[in-house]
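Worksheet: the structure to be examined is printed underneath.
Chain nomenclature is as follows: A, B, C, D and E, assigned in order of appearance, with residue numbering initiated at 1 for each chain independently.
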Amino acid sequence: MEITLPLFGTASTTSDSTGLSVTGLVTSLNAATPWQLELPASGVFGLTGPSGSGKSTLLAALAGQRHCRGHITFANTVWQRGRRALATHKRTLSLGFQDSRLFAGQSVADNLALARRYSRRPLPEEECGRLLEAFGIEPLLYQPVELLSGGEAQRVAVLRQLFNNAPLQLFDEPLSAVDRAQVLRRLLPTLRDFWARYPALVIWTSHDFDEIQLLAQRCLWMDSANLSAPLPLPEVAQRLDSHGVGDSCRSRIEARVESLNDGLLTLDLGGISIFADRVAGHYRKGDTAAFLLEAGDISLSVEKPGLSSILNCLQVTLVAKQNLTDGRIRLRLAAADQVFYADISRLSCERLELREGTTYFAQFKAGSLAGL
Amino acid sequence: MEITLPLFGTASTTSDSTGLSVTGLVTSLNAATPWQLELPASGVFGLTGPSGSGKSTLLAALAGQRHCRGHITFANTVWQRGRRALATHKRTLSLGFQDSRLFAGQSVADNLALARRYSRRPLPEEECGRLLEAFGIEPLLYQPVELLSGGEAQRVAVLRQLFNNAPLQLFDEPLSAVDRAQVLRRLLPTLRDFWARYPALVIWTSHDFDEIQLLAQRCLWMDSANLSAPLPLPEVAQRLDSHGVGDSCRSRIEARVESLNDGLLTLDLGGISIFADRVAGHYRKGDTAAFLLEAGDISLSVEKPGLSSILNCLQVTLVAKQNLTDGRIRLRLAAADQVFYADISRLSCERLELREGTTYFAQFKAGSLAGL
Amino acid sequence: DNCTLRVAVAASFRPALEEVLPEFERRHACVVQISSGSSGVLYQQIAHRAPFDLFLSADRERPELLEKQGGALGSSRQTYALGLLALWHPKSESNIEQLLQTWPDKIVLADPKVAPFGSAARQALQSLDLWKKKQTQLARAHNAGQAYLMLDSGNAQLGFVAASQMQAAGRDNYWLLPQHLYKPIEQQLLIPTQSRRPKEAQSLADYLRSGEVQAQLQHLGYGVLPTQDRSRDGGSGL
Amino acid sequence: MNIAAADWQALWLTLKLAGLTTLLLFIIGVPLAWKLSQWQSRWRHGIEVLITLPLVLPPTVLGFYLLLLFSPNYAPGQWLSQLFDGPLVFSFTGLVFASVIYSLPFMVQPLLAAFNANGQRLTQAAAALGIPPWAALLKVLLPASRAAIVSACALTFAHTLGEFGVVLMIGGAIPGETQVVSIALYQHVEAMEYGAAHRLALMLMGITTVLLLAARWLGHRLAPRGSNNEQAKPVVGVLG
Amino acid sequence: MNIAAADWQALWLTLKLAGLTTLLLFIIGVPLAWKLSQWQSRWRHGIEVLITLPLVLPPTVLGFYLLLLFSPNYAPGQWLSQLFDGPLVFSFTGLVFASVIYSLPFMVQPLLAAFNANGQRLTQAAAALGIPPWAALLKVLLPASRAAIVSACALTFAHTLGEFGVVLMIGGAIPGETQVVSIALYQHVEAMEYGAAHRLALMLMGITTVLLLAARWLGHRLAPRGSNNEQAKPVVGVLG
């Protein structure tokens, strides 16, 4: 098979995947654990894992900027075969570095113009204007990049990459120095909308799992140079959890939109109405929407609870119990074909005499459902 | 008064503050809004605010690395008077830069050794070893700094600054590239313990408010080059909120430790027992400990609720109601001389017919109390 | 103590000097250290007290000037050789004048402003009334040595050099220019005031002017010294 | 100042020579330094040392070897003379050719240092946006290396102005063609026309100073506005 | 190879001169370049241009002015001669002195470029840890500028080796004292001893090449291990 492989950079007929296909990729970091990866031609994927685990190394290897061997194909084009590699600029990708790497000695506008000029799929003028506006870069356009603040530089770097609009976009902790308010309120929604309009395969590396959850459906997990296949977000959340973030097990819940009144969203979850507020974005009646529900936000009671400010109450089946390292107990609950987790204290578990297979009432506040 | 000011670098007798005192500090960024600041000789203070608002500029001005005028005194020593500035290396401070700035061409060990060598209060050997261990830097000691991953470089930079152990320590987004798990589980507890043993005045700049809450009692807020006086954390949380992070209003609650059994902490809050699990760290009976309670984690009911997995139930007085931009309502509650916030949906508020001045039952799970 | 003589010699005379020195060293049990350079540089150095015991210039003007400035020991200035101007030619049948007249290419000469052989070449061209006419064809070398290099490397085929150079290289594609075309190139020596061994220097001067060496010099491409100069034989300032 | 017409001519010729040489060396030196800075092989060190070698040979000796190289007696000289449509020796073209070889290290070394320092990072960043290598050089690396370019060009220009031994050897000091100011100056010194020498030396240094200052000022002007303004000021009047 | 004793002597003298000059210039150049790189005044450009000027004057003319400076006929020369306990002119000390002036730009320019590039950032970082300026220079800036230092020293060394005009003027070509290899080489050429000239030139370039390569290798070895290893490899055999 090695022999019949097509020439570099030319369309491959043997490879039938239009997405990214990585097999047996080995760098000096992961000699023992070659990386495998199969991703579709478009979609946003998170990438997270402990510091120093090899995330930046993976991105550099994908971009052909780090010594490696193995096999990389993207959009039917061979990028790497064995030790032979296609030059970075010939790969239809863009890579954002952890340290921004703006082009020194030039203004912000120059940086953006260059990225757009060499784009393979240039964005229309008005789209660029919209992005500039959303990223708050307009007032900085004629500033030399050396004078930008840390967060400003990161925003310019992301913007530069968006202007480039490559089919494969790799981001390395791109917004770590921007205030969370701006990220959550303006940047992430802008990015989500942008990729909806201009689809691309995006790998978004971040230590902020919220970022990943708001952008991606699935997430890659890197730990000590071991790369996992794309995982559903709850599973990554659990891994993060086992790495010590005590409060980050969030479950993804999908429900059909029933109505949106006065900021309160009514959803249908297997016949039961549940409520969500605090949800920005556009929901249309009949759409299926996804939400995050934090395990710690759910409480359980044996009998149907009385009137309280907790709006949502679901009848759930307790599937499994698991002891957490911090002394609490994680309950795996099932309702309406969906699985989610609730973390409660051991004391509650004993008091309520919870048993697997039994049905209970799970309560959570409308505000606990985080819209994506 | 200008005339009677003592010479630079010599102990001042007119200034009676042993801490940091800044008056009328003006850089090219804040010509219209001079900065004032009074901080004690030791303690950890957060610094946060939108990207590009001037945080790094403030730190640079304090360190004497940016053109400014005004008046800065620390520990009875004049650092800046008018346009005359004391050279950075003569100020008893350390400044960590947003971009790590490790000493290029040297190994990690060299970097750390240099910082310790020129320390004015060198740490004992075993303390350094403990920090190295806690920061996970030991295996990297002989690596050239050029090869460190983003998060590794940041950890080395923070460590370098700790080894320097200056009386005033300024940090600029020092852990933004480290995974949250490590930050919350290992680094922040280590830092808290360190500064308990080696007190210093610390300004900790971060976009991660959790970091600040876990380290600091008070926080400076910078917005469009306007610097506020040190604020209590809930107030900063609200400002962050009004800047758009919908889910970040956490209140600080202080309670006396009653007992610690099997991972469950029993606390006394004005005569009522409340429970907290998921709390790492060492608590001793009789200590007063601080916890964070997220506004969204609290639910209210009119009557005393029945048995559920929600362990904590407090009788509270509703002090004020405030409409949030996302359609929810923030309730200001008072109990046992403490004030905290609860966010509930408008629907609940209407259903429960909440009124200011009335007493209700506030419920929250044991897991919702995050230990500091 | 052993005797060392430091001699500053014009570059063009160096080969000849090296030829006759061994005999002198043998007779006087004296080691001679040679420093060669262009006469102009050597003049500058000696004027600024360079520690030389004897100065062999390639011209007459500089020793004269040095003497006038009080840089010479007594009346040590003397002529020790007569330079002969030669024309390097490309194995041609025609005569000097004709060849120079009709030559279409570059003509090499040493720089008339700084090199004695250069100013002699200028005089010769002026005598032939070619100086103005050939201005644009003249390629100036820094000194006679470089002029020779330009010709020897084949970058030019016609030019003025010193006869001594052609002799030393064993070449015969040259003509001696008729002596009436240029002022004689009187090469003079003097003993600088700072000389630490004026006695030995004087004996070297005398040796150079002796009949035996002069005969040798004629084989090396130098002319016969005019008699009035020989009459000053032995005139030591001591 | 009282400067002879021939000296003015020499001055003008020298400026032309130095300017042309700097321009040519810029065109040659930039890609050369860039390729070298990207080349990871151990041979690279060899080439870098090779580029330094024109410095090591005394200029007159270098001139001597150039004389041999230009000689129509040998193949290279014949080939060069065909290439440049006339012999290189005793011609302005030859001077330019020689100056280019002679001043090569002055252009390449500072550029190489700059490219080594931030070349890899920036070229990677450019390639990661699909910018091909040549465009990366011209549009990313050069603007970022502005200071090094000014420094390299200034050194090259100055060195060519002061070029003496090589020119002396292969130029032939033909007024208006190869008689550059360094030769005129030396002639004045040797001919003991000290007044003229001092005047010409002053003139040369004056003109050079003005040109170099202008180049720096231009390099500064071309930088995006605002840069370097707000850096830490040297501390004034610190006591204690 | 068949090299005369006098040539060996000249070679040894030259290496001594170049080595000593490089060492002295390193000691002078590092603080000078550093002060310049920190100096924010507009005068800085003037000083930088001033340092370039030794390049502009033809070496022989520079030598001429040095001759005037050293001359015991005038006051400065007398003072210098007292200072150095003997006249500078026509002595090895004088050659060192002249070489230091002559090669100054070669040491200062590359260092200045390096210090300008990362000096401010690193010095700030050092000062922000209480490290005083001098310690910052020695322990932070120099290790980070290793490549520039090697380059600067190599240029200085090479340039001093090839120094001709200045030495010619103020040296007096006294064997064993001031007769350096460039002069011996030129004398061979002038005396039409081409064989000896070629041999000596080859020898000179050979020794220089070895020394420069060794310096680079050393500079490389001194860097913390591992650096530069894992950078992007040039792409091999790319088709399409």
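We adopt the following convention: a contact is a pair of C-beta atoms (placed from the backbone, for glycine too) under 8 Å apart; a residue touches a chain by one contact, two chains touch by 3 or more.
Since this is a predicted model, take the numbers as computed values, not measurements.
**Q** Please report the smallest number of touch steps linking chain A to chain D.
**A** 1
**Q** Superimpose the Cα atoms of chain D on the matching ones in chain E and note the rotation angle, 0 to 180, in steps of 5 degrees.
**A** Copies differ by a rotation of 180 degrees.
**Q** Using CA atom averages as chain centres, what separation in Å is found between chain C and chain E?
**A** Once rounded, the distance between the two centres reads 37 Å.
**Q** What is the distance, in whole Å, between the centres of chain A and chain E, each centre taken as the mean of its C-alpha atoms?
**A** 56
**Q** Could you list which residues of chain D touch at least two other chains?
**A** In chain D, residues 64, 118, 124, 186, 189, 230-233 touch at least two other chains, as defined above.
**Q** Indicate the residues of chain B shared as contacts by at least two other chains.
**A** If we look for residues of chain B contacting two or more partner chains, we find 65, 87-88.
**Q** For chain C, write out the residues touching at least two other chains, lowest number first.
**A** Residues 41, 44, 146, 149.
**Q** Which stretch or stretches of chain E touch chain B in the complex?
**A** 118, 121-122, 124-133, 135-136, 139-140, 143-146, 223-227, 230
**Q** Can you tell me which positions in chain E touch chain D when the two form their complex?
**A** My answer: residues 38-40, 45-46, 48-50, 52-53, 55-62, 64-65, 105, 109-110, 112-114, 116-118, 120, 124, 147-148, 151, 154-155, 158-159, 161-165, 182-183, 185-186, 189, 197, 201, 204-205, 208-209, 212-213, 216-217, 231-234.
**Q** For chain C, which residues count as touching chain E in their complex?
**A** 6, 8, 11, 14-15, 33-37, 41, 44-45, 48-52, 145-146, 148-149, 152, 165, 168-169
**Q** Name, in rising order, each residue of chain C that touches chain D in their complex.
**A** Touching chain D: residues 38, 40-41, 44, 65, 106, 108, 111, 113-114, 136, 138-142, 146, 149-150, 153-156 of chain C.
**Q** Of all residues in chain A, which touch chain B in the complex?
**A** 48-52, 55-57, 98-99, 148-152, 155, 172-173, 176-182, 184-186, 207-209, 240, 243-248, 262-264, 275, 277-280, 296-297, 299-303, 305-311, 326-328, 342-349, 351-352, 363, 365-368, 370
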